Amino acid sequence: MIEKTLKGKPAYWVWLAFLGMFMAVGAACYVRQYNFGLGMTGMSRNVSWGLYISQFTFLVGVAAGGVMLVLPYYIHNYKDFGRITILGEFLAIAAIVMCLLFIMADLGQPMRALNVVLHPSPHSMLFYDAIVLNGYLFLNILCGWVILTAEKKQVKPPKWIYFFVYLSIPFAVSIHTVTAMLYCGLPGRHFWLSAIIAPRFLASAFAAGPALIVIACLVLKRVAGFDAGRKAMNKLVTIIIYAALLNMFFVGLEFFVGYYSNIPGHKHALQYLFFGLEHHGHVYNNLVPFMWAFVILAFGAIATLATPAAKKNDFVLGLGCVALFVAFWLDKGIGFVLAGFVPNPLHEITEYVPTMNELGITIGVWATGFFVVTVLYKIAIGVEHEVEEC
Amino acid sequence: MYNKGTIIPGLMLFVLFVTFPIWFNVFTTAGELPKPESPPGGEKHCIASAEYMRANHMQLLNEWRDNVLRDGNREILEIDGVKYPKGLQLACLKCHSRKEKFCDSCHTYAAVQPYCWDCHLTPKEAGSKEATH
Amino acid sequence: MALAKLEQLSKSVVQGPSLATGAQPTKDWMDTPAIFKEGNFAYPAKQEKVEYLDSQDGIDFPNARIWSPDEDDWKLPENWQSIILKGLKERLDKFRSLKIFMDCCVRCGACADKCHFFLGTGDPKNMPVLRAELLRSVYRNDFTLAGKLFGKMAGGREMTVGVLKEWFMYSYQCTECRRCSVFCPYGIDTAEVTMMIRELLHLVGIGINWILEPASNSNRTGNHMGLQPHTFKDNVDFLAEDVEALTGVKINHSFNRKGAEVLFITPSADVFAEPGLYTAMGYLALFEQIGLDYTWSTYASEGGNFGLFTSNELMKKLNAKMYAEAKRLGVKYIIGGECGHMWRVVHQYMDTMNGPADFMEVPKSPITGTVFENAKSTKMIHISEFTADLIKHGKIKFDPSRNANVKATYHDSCNPARAMGLMDEPRYILDHVVPGWVEMPENTIREQTFCCGSGTGLNTDEIMELRMRAGLPRANAVKHVIDKHDVNMLSCVCAIDRATLTSLMDYWNPGCGVCGISELVGNALIMDNEKRAMGYGADGTESELPDGLRTMV
Amino acid sequence: MKYAFSFVAVLALVIIAWLGSMIPGLQYLFGIAIPYLAIMIFLGGFIYRVVQWAKSPVPFSIPTTCGQGKSLDFIKQDKLDCPTRASEVAARMFLEIFAFRSLFRNTKSELHEGPKITYESSRWLWLAALLFHYSFLIIVIRHMRLFLNPVPQWLQFLGFLDGGAMLQVGAPLLYASSLGLLGGVVFLFGRRLVNRNVRYISLANDYFPLFLIFAIAVTGMLMRYFLRTNIDIVTIKELLVGLVTLHPVINAEIGSIFYIHVFLVSALLVYFPFSKLMHMGGVFMSPTRNMPNNSRAKRHINPWNDPTIKPHSYAGYEDEFREFMVDAGIPVEKELPPRKDEE
Amino acid sequence: MDKQRRKFLKIAGASVIAGIGAPAIIKLSGTSAHASGGRVVPAAGHAPAVAHGAHGEEAPKGVRLGMVIDMRKFADKPELLDGAISACIDAHNIPQYPDKKNEIKWLWKAPFESVFTDQSAYHSSKRITETDFAVLCNHCDDPPCVRACPTQATFKSPTTGIVAMDFHRCIGCRFCMAACPYGARSFNWQDPRPYIKKYNKNFPSRMKGVVEKCNFCAERLALGQEPACVESCKGTGAITFGDLNDAKSEVRAILDKEFTIQRKPTLGTKPSVFYIV
């Protein structure tokens, strides 16, 4: 089926070339970083994780979001997702590829990455993260490929694959749970030290992931003549709205705990994110606009998606989903990780601004993700068309 | 023989590729055999025979590294009355104080690029910043 | 042998213990002899046919005799082994392809399940690699250092009667369709190997009648059917009358006419047997409509060339008639009808064997002025190229609704697809002459197309089950589009296909017809001054006859 | 049990080299004489085989056309799969040789009840073959550091990419290509055992090179990582540089594992020209791939074309059927002799 | 002798090596509780030390090196701390970057409110608010950084209780930096060598891309020396170093006598660095 990626309209090649350009820029930036060290980034002793890890965290959610299609389709036999479940699985593959690339980009000694396997450390959450991420990647490739192959052959998928399909469901939950555990098990980082992190991650994942799938479906409808069906779209929107509301609810809970308990450590990061944090007479508020944009976009998106217009109008639907995706990206892909480092364990404040080189790598990885998803969707849609046509 | 025009040049290319080392060494000034310098201090003994060290020094260093860093086993070896604290900088470079003339001569010859020197200081490097203070 | 019932064969193909269905043979292939039973071999050539061919100049068919594969004694000449080995040596020196294909195979197995014979029979020796190994084992034993030194350990094997029998069995269970060659990482073409084995077998008087009789007919009368000139003319005349009856347009055609611009050569099956007849009617209608200055020839009345399935020399001899006749009649170029192996010969062999055809001109369509640069040396173009060019320039008009009762799919015939690269011209024509048509699954079309299962002279009735098995992959792909899109017509550009696919469809997919592309062209063609015959439909209204060219016969 | 034979054969080679290298003086045989002999047999044999192939002409133009050929202007030619120009053929051959493009097409067929035959793409063989061959190539090139003095910069960079850039494991550093080669060989061998079709067609001479290459890889890795007794890279390089500058010397004791490795490589070199491994040369010369599909536009010449083969002549034909032809109104060259009754 | 040693002996030939194992002594200042043999020997035979009540620790096992910092001494003589810091920098080839972003710090100074974020500095004496406190890795008994490390590049030495780094194995993921509640870890954002002012030729530098931190001068301990900072404050009593599990050690004597506090005790990491304020 890979051969389907080798044939396409000019627009397909132009798009791939466009992405390839950014990938090349990203690669060039990475070579610079590899040679010089991570000092090429805006990260510092006090904010020791930056854009890479925050993108990773967000994208794990996007990957996990695919399960919102797999679960209804395979467990509840919700047939309307039949045509798009593969899109969820393939999106997960691309998202995890990006996750792994971001992790590699973030490592100080990438050529030693294999040490994680050679010296397994069962007490480290990163060890489990490596297992579940690679496991989920493998499961999605396996399930997606076997089921798509069966579809292409127009025979029933082999029975054994359902074991892996069902296995992928707990894996989807676990990738985001374990990623949350990277943060919420660390003593001394109050913002992260909260049991609600994992549920909150899952809620935002189950909103942002499906939102991206809806966007993808709308794009595919225009450029590839692939119609996922209104019914499936509307069902997805329902899932998105509930998950998004839950996420906002969880964010609200964090505010309650921080502000009602009035414990400074619990308040600091929230203060820093939403209002600016004062320290030695200086107010640090780099992220404030982003976070308010998150709040406004999130509620705006939920309201938009809840209107009847979203059920009929592709533009409104798309707008709502894009807004929601951006909102949750701001929340998890920017705010969550960076705020954890403010203030630092010595209650000093360092702000983080990514460098151009860092942005170049980040964009390069995103472009790679889009490249992978484009190519995978090309295969999936190609097979769907083939099955319909001949 | 048919298609001589492509087959003979093709075969010649192949032969050139296979015999690349022969004419490479003909057309370049073949480097000399490495002569790793004996310790300038005149030390005659090492912790093991030269044959052993030539073949196994990298593995011995790796072993030492784990001994010292991980196992906390920093026993000082005493051989023929000479004490050798485990460590590249601490033991080896004490006698073989000129890395350029000792380590590098073979490493360059065999195109080996050990990453030891990313961290470990050669006496020359160490000396370079001693005088400034 | 009676042909198995559909249900039986369906079950047998999928469940019968074979390598294709998952049963691992316990015996090594070198130790598994070929066993001949009525039904699994084509009848040997009649002695007089072989003798006739042997008597012709330039070709050798020695050792003519009466023999039968199912008898133990094949009455081989005394020195048959040395004849074969000498023949093999000669061919190794003449064909680089043979040497390369003998030496380079790494037995990766990529070809194994690509062969329609293997898929249908599950016989391990129908894996192209193993079919070639039958020859390769002898080659290794007698022509390579490793084989001479290590014998069986190096995969070598002595030339024995048993090996010879295997050669006969499996070189006649290969249709030289080249599908394996597409997938081989070294491009090893089993067709080349099969040709060599068949040539070697002919050296010791082993051949099948279904090939040698048409070949000798073709040599003598100009066509496989053995139609004598007047019969051939009569048949074409009948077809012309039928066309006139349908369209109301008088067809003007000629035979052996000197000074015509174009010589038209098509497989004789087109003027003789259903459903090829309708294709021939399509040619007549088309040429009439555009007013082409062309002639038929009774001397070169055969496009097909069973020499391809026999030996190089015979192929050359039979093919030579085309240029000879073109030269005699003084035509400017030749148009060839729809045929598969004819086009392999024309495309890949004719110019080399019998060229250069410098007495003709580079083909130039008198209607559109298009110069066919791709045939500038051979001076022979394919009817599909010619028709597609006419359509592109808007020189002919169609009413596709006249093909409304046809829901077509298109079968790429092996030779045009894999030995010529003719794939899109017929599709382009189809796009214009039928209201809609569908492709079969992508692994069964274009360069991956499946053979009809009875090519290379195997469309003989005594091996019907074998043919149905070998044709299964093709039939199965057709069934897929029948089930899914209600396809009822399998179109193609090959005369052997038109004959063999009809049997194949009747067996596996009853109700699905077979036609040539030119038949659909003729059906849909709007002719000047036409007056289509009308009929009454089931509801009593008068309309054009729905079956087009087929109505009249 | 074809693989058992091949296994024993390789084992025998190992034992011969092992025992031989321990006999004083025989080091010169295993370290110098046999390698020289092997490389000469390899080169000579390779050239001999290619020349033997080249001695046979390619009488006909028989490319396998895997796509639309060049015909009318508005029909898009598939230039890679049905090339007409030399440059297009070169592109096709390049992808064939360097990307194993035909193998990339591989499919797997299955028979289902119905009957229904299905096809799915199957690229494991393609992947493993790429892994195997490229690892092998990199390993061969990488070994040049032991023959070239001084070692050129690009070669050092290759060593860095292969050894340090990907995985910094162990000392000496583990090469990615070593893993690739081992993985490739194990897959190819496993496939021969597991895949029904391939298992049935496999011969002893299919298993032998796999075992041999496996043994070469394993002895190489043992020598590099584990059995380092008397494995001094400088002494070894001195010998190897000596070999290629035609002044071979063995100045110190070298571990047996080295001689085993070298002997196995020599065995591979000797075996190469006389086996299926010649597919390396053959792939360039396969007429179904390296010919343009322009046989109607440009006449292909067959050197042994026999001009004496003529068609059954028209004259003969007309002589046989003249009467019928005249009756049917078909023009003839020679009119019928006047009928006797008309005379 | 451990296995690797035996292997080494076997390979190299026993005759070459003689009289091994003599002088590696860890001599902790003032005590010689476990100063025999080639390695630090667990303080066997001692009665279980009295639990350090206030911090409610388990009955100790093995050696747990720790430190008591007497801030009163540093308050009186601030240059003492500067000397300790510079001794540390010199001993470990620690680069000095001009910008805060790249900082590598093993032992450094910070105000009380930064060091003891759980303590209130409200209305504290000037001596508290204006004195720079010594900050370093706490070599926790239950270190979160070790839990976080995915490759065991940072680990707790079973023989000394030191939380150590294996720079050769560190992949530079910086999980430990996020996990350390004391901000004790630094990362080499670039090649440090240009920023090392003076080389200690007996200690390596680090490569770019690895994390580093205070190692309690394990390399000096092996030679029987005190940690560099301890040595530089010798005789002042500002820093006392020793085995917290050894009831007879000097550190224990001070801990018994003085009121000490630890950083962020509520996190349960059990720091091994105590402060007398």
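Just so it is clear, A, B, C, D and E label the chains in written order, and each chain counts residues from 1 on its own.
Everything below uses one rule, namely that contacts are C-beta pairs under 8 Å (C-beta built on N, C-alpha and C of every residue); 3 or more make two chains touch, one makes a residue touch a chain.
A quick note: this is a predicted structure, and the numbers were derived from the prediction, not measured.
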Smallest number of contact steps required from chain C to reach chain E: 2
Common touching chains of chain E and chain B: none
Where chain B and chain C overlap in contact partners, by chain label: D
Core chain by centroid distance, with centroids computed from Cα atoms only: D
Distance-maximising chain from chain C - centres being C-alpha averages: E
Chain pair, most C-beta pairs within the contact cut-off: C-D
Distance between chain centroids, defined by C-alpha means - chain B, chain D (Å): 38
Distance from chain D to chain C - Cα centre to Cα centre, in angstrom: 32
CA centroid of chain A to CA centroid of chain B, Å: 47
Whole-Å separation of chain centres (CA-atom averages), chain A against chain D: 45
Multi-partner residues of chain A (each touching 2 or more other chains): 109, 112, 118, 154
Multi-chain contact residues (two or more partners), chain D: 54-58, 105, 112, 116, 119, 164, 168, 285
Multi-partner residues of chain E (each touching 2 or more other chains): 207
Set of all touching chain pairs, with the criterion as stated earlier: A-C, A-D, A-E, B-D, B-E, C-D
Complex interface listing, chain A residues touching chain D: 1-3, 109, 111-112, 114, 118, 149, 152-155
For the chain B and chain E complex, residues of the former touching the latter: 45, 47-49, 52, 56, 60, 63, 65-81, 83, 85, 89-90, 115, 118-121, 123, 125-130, 132-133
Of chain C, residues touching chain D in the complex: 10, 13-14, 19-22, 24-25, 29, 56-59, 92-101, 103-110, 112-114, 119, 124, 127, 129-130, 133, 144-146, 153-155, 178, 181-189, 192, 219-222, 228-230, 233-234, 255-258, 298-299, 312-313, 316-321, 324-325, 328, 346-349, 351-353, 355-356, 370, 372-378, 380, 385, 388-389, 392, 417-425, 428, 441, 443-444, 446-448, 472-473, 476-477
Contact footprint of chain C on chain D as seen in their complex: 5, 49, 52-62, 64-72, 74-76, 78, 81-82, 96, 100, 102-103, 105-109, 111-117, 119, 125, 129, 195-206, 274-276, 278-279, 282-283, 285-289, 293-302, 304-306, 308-314, 317-318, 320-321, 324-325, 327-332
Sites on chain D touched by chain B in the complex: 39, 42-43, 46-47, 50-51, 54-58, 144-152, 155-156, 159-160, 164, 168, 170-172, 228-235, 237-238, 241, 244-246, 252-253, 255, 281, 284-285, 303
